[in-house]
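Following this line, the structures themselves.
Below, subunit A partners subunit B and then partners subunit C, in two separate complexes.
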Partner chain A sequence: MAVAALEQEILSLRKRRQLYSLIGLLLVVAVLVSGYSKSNEMNSGGFLQGLSKFFDYPGEIVLEAWNAGPAFFGLIIQYVPAMLETLNIAGVATLIGGAMALVLAMASTRNVDSWGPLIPVVRRMMDIMRAFPELIVALFLIFVLGSSPVPAMIAVAFHTAGALGKLFSEVNENIDRKPIEGLSACGASWLQRIRYAVLPQVAPNYLSYFLLRLEINVRASAILGFVGAGGIGQELRRTIGWGQGAGDETAAIFVLLFLTIMLIDQVSSYLRGKLVGSGRAH
Partner chain B sequence: MSIDTLEPVITPDLVWTKVRNRTLFTMLVPLVILGYLIYTWFAFDVAGLLSKAQPDRAAILATDSVAYKVHVTKNIRRDQLEVAIEGERRAAYDDTNYPDWVQVDGSNSVVDLGEGYLVEIVDKTMNFTVPGYGVITATATNSGVDITVPPGDQPDWLKTNPKKLDARPTLDRRVQVTRTKIEVHNFFGGWENFWFSFNSDLYGMSFSQLYALALSADRLDPEYSNLWHIVHEFLDNPDWQHGEIFLALLETIMMAVLGTITAAAFGLPLAFLAARNFTPSMFMRFGTRRLFDFLRGIDMLIWSLIFIRAFGLGPLTGALAIAFTDTGSLGKLFSEALENIDNKQVEGVRATGANQLQRYRFGVIPQILPVFLSQVLYYLESNTRSATVIGALGAGGIGLMLVETMKTSRDWENTSYIIILTILVVIAMDQTSSWLRRKLIEGK
Partner chain C sequence: MIHFESVTKDFGTRTAVDQVSFTIDKPHMVGIIGRSGAGKSTLLRMINRLTPATSGRIIFNGEDILSLKGAMMRRWQRDCAMVFQQFNLVPRLDVVTNVMLGRLNAQSTLKSMFNIFSADDVNTALAALDRLGIVQEATKRAEELSGGQQQRVAIARALMQDPHMVLADEPIASLDPMNAKIVMDALREIHERDNKVVICNLHTLDTARNYCDRVIGMRDGKVVFDGEPELLTTDVAREIYGADESFNEAATSTAIDTPDASVRKTDPAGAMTPAAAAVV
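Coming up: the complex of A and B.
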């Protein structure tokens, strides 16, 4: 009798669960359908009219690139310095942001004996740093400092510090406390404990996240260039502004950007696989 | 005694070589980083940039974003005085109802800027009393401006030339005289006309007054109810454009939500095609993985430029750009998760006689659902930020609005308003997604 009641209850629980899943799914579908129809209305060009034009632009620039012939490769080489500038923005921003994130993470995890009252403050600070879209900081600094790669660098570094800081402190939470306790038993200071007990444990994960962030930051720097921060984005904006006839140059930049991003992706996912084992490399 | 050849023999030499290598490594890495930073210092021309930087623009921006100014303008040709908020004609005070710091007597007027700063306008002459400095006199003539300043060195805040006088003794007081007009700026803290525009019938009402009005039956506007009228007046405020800004924010959120859901919906089935344990055909797997790489590699920047060409400005463009890029990213992540699942569950389901579809549904999906949901929510969060950037490239939404208000660089308080709202929305999305993650995955 009791078994039957239990079964009854399990059945009703399952029914309710299925109902919730169904409601959730319907909600997602409803958002999707209504969202797309609404956004189709709000768009200045509709989906159906645009669909026929979708391949026009890529087709146009591919054709112009084709017509340029071997000179196309010369164009790609020509934009390498600009690409390098974008890479530098990302590189410096990730280094500086990563260094800041390290400090923030060490100051915001109970597991590594951060100073208690500071923990919530630093956490909120990281939340705010993460929430600032790079675009806003970059535009503001471009206004003050003028058009240059530095505003983009600072903007990306600011966001990186918050984003990496959160990931780093999550890593800190999962470390083994035994080495820390061992070191404090011999009278090590906080910095010594961090250096000899925490850092060796977290270094592979930190490096892995660092590389992942570098990958993201290269993309972000390219985009920020488009709003006036220099690098490949700015060149892209210029060639697109020329309109018809500059399709081969635009195509050259697209190809260069694509190749660089692919290269960095592959290298970083290979390195991350080595650092933390392929299963966890994401 | 035999030596176990599998265990390497540790000699002092070996240890020292390791220690030396390690030392070299620890020394070299910071040096390389330092070298790189020095190289970029010159590559970015930071020194040149700092010399050209305009910190005063930051000060102006900071002042303007928390303060507003009231212009008192004397038009010399027309011999007319106008007092207006931000110098805008539609926010001009009526000449019977000037603020009490402006005293008018015929064609003469006195503007009291507080703390002893006093501006007297007599016909075409302006006398500006600056405490601790003296009286600056400027007269507009047909050819320019006649200026008399107190003897001694001229301070930095005072700029004079035969055509123009510009005095700004403090950040919140400024006087300009040219051939055609005398203009006094008085700065006040706060955001002016934030709730209702200057010539709205609701201007200057307190919250309790509005509350009473909303409940009263006498309609201000016979067409609408009072509450609706208040909401309307608020959203249509021409200075702050609340309605348009809210719409732009909605567009940005739509881009992020639609883009992420679409990417997840396409990424999941494709991920099965890219996972080793679900697709035996190497050709198929290779093709799907290259498709993911291609979608990710093209990057949001290029996708949005292509979509802007095809579909014009709007949320659809942004949503599709996000969807294309993230189908690649999410597909790759899902396929990795699929390759790492535990096969025992699938075999268990198979043992009950389940067919292919049932095996997926009951053996595979429950295992990857937590990864799937948490990654989708992470992407939703980061896409809210991406959507603002895509907007700035020309897809519309709050990003474009921000760039446009910054370009006009006139009303910085509008810009800071947009920035604050954007950050609030991003934080809200962030909180919602982590709340959902906790609810759905950890079941708390």
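Coming up: the complex of A and C.
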């Protein structure tokens, strides 16, 4: 009797879930269709007509790069200093932002005995820091401080502190409290508990997130060049702005950017794999 | 030495420890027994200040240790070392560092942030590990050791604190009988050689009888038995555990030897682990 009733209940529950899934799917399709027709109406040309011209500009760039011949590689080397500047912005910003994130995370997690009243304050601070895209902060700072890599660096570091702080704090939520308790019982101070009971547990995950953020920040720093922060982005904006004639230079920058980002992605995912692997080894 | 005055702990509406009063005036090895949830752990954790007490006083050398705050409280925590059921070591740090962490309270925060320990600290830590017979594991990570070895590292850390007393919260509850014996022998040896108070929560009656000079029985937060282990008859045990006639402690005993092989009554050297005895 009871089993039969339970069976009925489970069956009706499953039916209801399936219905909800179907409704969800229909909603997504409806949003996609209406969004496409809306934007298609607003564009000056239609999407389908534009599609045929889509490859014209890339074709032009590739053609100019081909015509440049071996000099093309010279162009790539010519832009290496600009690329290094972008990497520099990303590196410094990730280091400073990461250090700030560490402090913010330790001040905002109940699991590591952060000071209670501070937790919601620091959490909202991180929300705000994360909410502003680097581009907005950089535009504002460039207006105040002038065109240079420094405002870009500050902007990326600011966003990084908020974004990494949130991730670090989530790592803190999941640690084992037993070592913390063990050190409390020895009379260790809060900083000492963080140093010896928390950091050894979180270090591999922190480093992994840090490298991931470095990848993201290299791309962000390249984009910031468009608003006058220097580096490879600024060069790209110049060559694209010139339109025809500078196609070979544009292509050289694209190739350099692509190679660099791919290299960093590969190295960092290799390192992250090793870090997480060593955490699981025992 | 240490005097408990109606120590009470409430968790919401439930009273975990209810008006507990007793005095330990000699450096005894005291065993606390009772059912799970009888308040044994809470009582021990209140002594070490890991759990705040609701009311009452614990007087040690004329000072109410429940009223200590900040640096004074941490200084007291160093003086009453705690050993846990789950060892509570830092798994990713090596064994010798884990032992040296017992000295954190004596170190300046700045120095400890950079992991600076003196050669003297290293020597003391190695001596403590040697005393417990696991000095050969000093450079391994704590997580690579077996449960029994980890508990001995935890005891070495407690020794490193140079405490007035050692509190052990079910130190052998997650160990096999062989390791349980090694750990209990080590605690007994600390009591006998260093003349320190050892207070030990235990789940097995035969362990309490064999190792302790005094047994305190708790039931529903109250002390219902306090006396020498000889007085701990089966009837008394039934009373402490609230069990009926079917209660037979031999059924769950973890002793390997016959029940009369009491460590306490044989000569003190017999209480040492072979390795510990070799050091003397």
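The rule is simple: the second predicted complex is superposed on the first by the 270 of 282 C-alpha atoms of A that agree within 3 Å, B and C clash if a C-alpha of one lies under 4 Å from a C-alpha of the other, contacts with A are read in each partner's own complex, and residues count from 1 in each chain.
In this section, a contact is a pair of C-beta atoms (placed from the backbone, for glycine too) under 8 Å apart; a residue touches a chain by one contact, two chains touch by 3 or more.
Just so you know, these numbers come straight off a predicted model, no measurement behind them.
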Subunit C versus subunit B on the shared subunit A, clash or fit after superposition: fit
A:Val227 touches, of subunit B and subunit C: first, second, both or neither? first
Spatial angle subunit C-subunit A-subunit B, Cα centroids [nearest 10 degrees]: 120
Touched subunit A residues, subunit B compared with subunit C: B
Partner chain in contact with A:Ala4 - subunit B first, subunit C second, else both or neither: neither
Touched partner set for A:Tyr196, first subunit B, second subunit C, both or neither: second
Subunit B versus subunit C as contact partner of A:Arg130, first or second or both or neither: first
First (subunit B), second (subunit C), both or neither touched by A:Met42: first
Partner chain in contact with A:Ala188 - subunit B first, subunit C second, else both or neither: second
Per-pair minimum CA distance [subunit C against subunit B, superposed on A] in Å: 6
Shared subunit A contacts, counted only where both subunit B and subunit C touch the same residue: 282
List of subunit B residues in touch with subunit A within their complex: 33, 36-37, 40, 43-46, 49, 52-55, 57-58, 61, 251, 254-255, 257-258, 261-262, 265, 293, 296-302, 305-307, 309-317, 319, 332-333, 336, 340, 385, 388-389, 392-393, 399, 402-403, 406, 409, 419, 422-423, 426-427, 430
Residues of subunit A touching subunit C in the complex: 176, 178-179, 181-189, 191-192, 195-197, 200-201, 282
Subunit C residues touching subunit A - in the complex, by the definition given at the top: 48, 50, 73-78, 81-82, 84, 86-93, 101-102, 104-105, 107, 109, 112-113, 115, 141, 143-144, 154, 157, 161
Subunit A residues touching subunit B - in the complex, by the definition given at the top: 28, 31-32, 35-36, 38-40, 42-47, 50-51, 53-54, 56-58, 85, 88, 91-92, 95, 127-128, 130-136, 139-140, 143-146, 148-150, 153, 219-220, 222-224, 226-227, 233, 236, 240, 254, 257-258, 261-262, 265, 279, 281-282
